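Report on one structure; see the data block that follows.
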Amino acid sequence: MFEGRTTGTPIQLLIRNTDQRSKDYGDIAEKFRPGHADITYFQKYGNRDYRGGGRSSARETAARVAAGGVARAALAALLPDVKITGYMVQMGPHKIDRTNFDLAQIEENPFWAPDATAAEKWDGYLSQLRKSGSSVGAVVEVMASGVPAGLGAPVYAKLDTDIAAAMMSINAVKAVEIGAGMEAATLTGEENADEITMGPDGPEFSSNHAGGILGGISTGQDLVSRFAVKPTSSILTPRKTITKSGENTEIITKGRHDPCVGIRAVPVGEAMMACVILDHYLLHRGQIGENPGKIG
Amino acid sequence: MFEGRTTGTPIQLLIRNTDQRSKDYGDIAEKFRPGHADITYFQKYGNRDYRGGGRSSARETAARVAAGGVARAALAALLPDVKITGYMVQMGPHKIDRTNFDLAQIEENPFWAPDATAAEKWDGYLSQLRKSGSSVGAVVEVMASGVPAGLGAPVYAKLDTDIAAAMMSINAVKAVEIGAGMEAATLTGEENADEITMGPDGPEFSSNHAGGILGGISTGQDLVSRFAVKPTSSILTPRKTITKSGENTEIITKGRHDPCVGIRAVPVGEAMMACVILDHYLLHRGQIGENPGKIG
Amino acid sequence: MFEGRTTGTPIQLLIRNTDQRSKDYGDIAEKFRPGHADITYFQKYGNRDYRGGGRSSARETAARVAAGGVARAALAALLPDVKITGYMVQMGPHKIDRTNFDLAQIEENPFWAPDATAAEKWDGYLSQLRKSGSSVGAVVEVMASGVPAGLGAPVYAKLDTDIAAAMMSINAVKAVEIGAGMEAATLTGEENADEITMGPDGPEFSSNHAGGILGGISTGQDLVSRFAVKPTSSILTPRKTITKSGENTEIITKGRHDPCVGIRAVPVGEAMMACVILDHYLLHRGQIGENPGKIG
Amino acid sequence: MFEGRTTGTPIQLLIRNTDQRSKDYGDIAEKFRPGHADITYFQKYGNRDYRGGGRSSARETAARVAAGGVARAALAALLPDVKITGYMVQMGPHKIDRTNFDLAQIEENPFWAPDATAAEKWDGYLSQLRKSGSSVGAVVEVMASGVPAGLGAPVYAKLDTDIAAAMMSINAVKAVEIGAGMEAATLTGEENADEITMGPDGPEFSSNHAGGILGGISTGQDLVSRFAVKPTSSILTPRKTITKSGENTEIITKGRHDPCVGIRAVPVGEAMMACVILDHYLLHRGQIGENPGKIG
């Protein structure tokens, strides 16, 4: 920033880790945690910084959230109608009830749950998990409204391709959905066809199974993406594993315990969505300029 | 090819469309098909070749399959143990029964189903759909065995990121899963921890919820990815839509009718998996060379 | 093209070689031509298609010229003031006389020489070379007028970086200059400072040692780039070389003889300039939009 | 670094500017320096940090030298025979005498001159320039020996393309040469043909007009690149210019004065060469593996 404006230079973000806890890493240094990237990192590089998870630590997502903040600031200037909202829709086996869906609830509970009843249930469930030293997965949904039609491209740089890549790249994510997602498999063509009528400001759709994207290009509807976060491997029940020298052993992971890391993934998902939308807006402006196709 | 070997030049593939059918495109030329990329293509470019779906046609996937053939030929030379197999695991609401799972069945039925009982059921279901001029979605699974540990990277160019992007880029795909996929949300940390023991050739795992990838890097287990394909929008039941000039109308789509396009997506998914594995093997060889980390 | 407009699909160019001449490649098949890419291609790939130069043939530049034609068509629509002109300024030791400089002459002689006197001299010189079966190098200059200020970037994707890469990538090019080029080494700061005054349409410069680029970004002056083309290695005087099996021998190259390939490089240089300007215009429009900084 | 080895994580370099001098930037803040990127930066971004040149400052090259240090460390492990040496071969109009060429001299004078006589002459010349508050350009040559044959590619990612881009991207560079460079224009085919004979360790060449690169691929000879650096625009003689608001005026640049910035460009050129060679080695290893083509 200089004289109140950015200067066109790259923005560099530096986040210092001020919360390192000195502790005995002995177990983690020698043994691989099942379900954790310890083993693959070692298999690739023959080396690994085991302190706090090293390069595979979800601390990395702090940089994503910071970058998302920059992307949101740029979107506020370039596409002021865009609004990006993330929330949790499932904790372990417990899904929200869509008939209770209320975005105003998100800030009212510690789980970013858009369903007050679900939040209450999750609270009790999470307490149990914490007591037992266990952990569980979650599903996060990110919705972006106000995204103009036309972002994306038909083959390379599809908008859904880039959202899928962005979400799957978040630590612990194992699946990404757009719109109807896996449920699209069960739909008939009649159900899946979001019917179109002409509204005062352009096309309107009777439903949004497409999640705001058709053929890799945004429709102008809300972008809707969901992703599943696996449970953390840091649990108190012993699991079989091996050491760096290849001996069979067991491991339990003490230290910080986080029974549902999916909660922390909500702002990360929002940040990734912001980065993808900004990227695609700039690409689109480069390719097409300010006068895209207009219907009617 | 020259003197029996490739020469290092790029391989160019040219597939001529020899099955164009002259017909009246009148309806499709003027109206947008709900659930189809017609409308977004027009919204982006202000123009569209409506003949046969134009740029958004799934004919594009023929090029993917051809490219996958080249990738498989290269893999056969570089990583001869790699075996890539795709199959359908769900048609509409009907899933295969995993207790019947038998890869030998794939070639025995027209649905690439690894479950003879499911194939029979799907046959009847598909006949009904065809008669009613309807369509339905599907889930395809692609498995790659023999992939060495160490492919991928911890933050950028994660192996699962690239698989997600590759699969989501296929026409009509709305979701991508790795390993446990969306079900990872319901697992506890104890269940999700694929336990490790030392085998004669390296680490062995008690299960594969990870789908062969931890922290963006391959574990040496089977890579397992699934993707959901939405139903085609070409159906005989009229749907509400608008014309290019913005008038409300209805559309039905005559012509070729394909009640479950997911079937055709099986070889496409295999091809994308082959391309991603080859890319990552070459990247890995560049970054690490021939001597990756070894356990034990 | 569809209904008189492009459709947003990638443009594919296919040029068939209809002028292959069947001949005995025996010598070239076994021996490497000094000064030619035969040997490095073999050193890299362990294989080589020797027919007509294979992948290293300057026939490849036909694709560049075709791509440049597409870029020029796009520039005609997007930046109609841009005019790109290439010409030869030196053949072997014989430079044009800048006091004779007249772009109207370019079309009047077979050397694209903007100096009628030089063209005459080159004609005689080239006849001698042809008779003796020799060859010689050349310098080509490419000028682009009407390029707006602001294209390029300060560190990555500098406009001069990309022009240098584009020109150096042309077969047989060994040097690239922008503006004063190598002569910039001999200038004092006073000479090199293109003085600025305010004109009716923006800044005006007293000279153009910068070649239209300062700090990687266009100034609005003419872009001026020159590149040196080495002589072809296809000559009739025997040169010492080795065979594929490593034996010492000699080679002369019969067949098509082109005493100054630099002449053919003129339209190639124009094409590369067109591609770079179009790329940078689209990048700039993406990054900055339609309202760049304005002075005064 | 962890336990004495890198861990596969990206290497982040942070150089703090500890030598900022508080001064009156009034003149530079309002006026553009002719021959400097001030004006184009403003034309692109409509904004500019004028303090010390901002984003266009050659301070940026400190990062290049640091990155080159990392590249050299990697090369020392991967290609221990590679030796990269930069030196000045021309200051203003004064070239070195190639018959005096002696790399041992480089460390013996403040100009990295491989010619003791030239260094002496330059010393006096530079004193005069300093007294008069003037500046002058220079030519830097960078040589890399021990580079294996086969790095690069025939069309995309040519080694000479990437060297040209890397050198041209350095602040103030206006031309890049490979091997014979601009002089290649004056050579005949007979002169330009570096003759090949078989030596005990592979092909040997009678000369190196190619600068170690044929058809975009390294020959195994020394890589030789030269680049011209323009004189700094910070001079004491007033030059005509305009202000940000478009008024005609004059400017002189006080403050730090550096009569020949080309001297500082020597380690920068070495660093860029190191980065390009390392990149191409890793690319080559990815593409070809450890068994490239062998002659004989």
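Letters A, B, C and D name the chains as they come in the text, with residue numbers starting at 1 for each one.
The criterion applied here is as follows: a residue touches a chain if its C-beta (ideal position, glycine included) is under 8 Å from a C-beta of that chain, and two chains touch if they have at least 3 such contacts.
The structure displayed is predicted, hence computed values, not measured ones.
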item: Furthest chain, CA centroid comparison against subunit A; value: C
item: Between the pairs C-D and A-C, the one where more C-beta pairs touch; value: C-D
item: Where subunit A and subunit C are represented by their mean Cα positions, the distance between them in whole Å; value: 47
item: Centroid distance [mean C-alpha coordinates] between subunit D and subunit A, Å; value: 43
item: Between subunit C and subunit D, centroid-to-centroid distance (C-alpha), Å; value: 22
item: For subunit A, residues that touch 2 or more chains besides their own; value: 8-9, 41, 44-45, 47, 55, 154-155, 284
item: Complex contact set, residues of subunit A against subunit D; value: 2-3, 5-9, 14, 41, 44-45, 47-49, 54-55
item: Touching residues (chain side subunit D, partner subunit C) in the complex; value: 32-37, 39-47, 55-56, 60, 90-93, 129, 134-139, 149-155, 158, 160-165, 167-169, 171, 173-198, 203, 205-206, 209-211, 213-220, 228-235, 237, 239-242, 244-248, 262, 284, 288, 291-296
item: Complex interface listing, subunit B residues touching subunit D; value: 8-10, 154-155, 282-287, 289-290
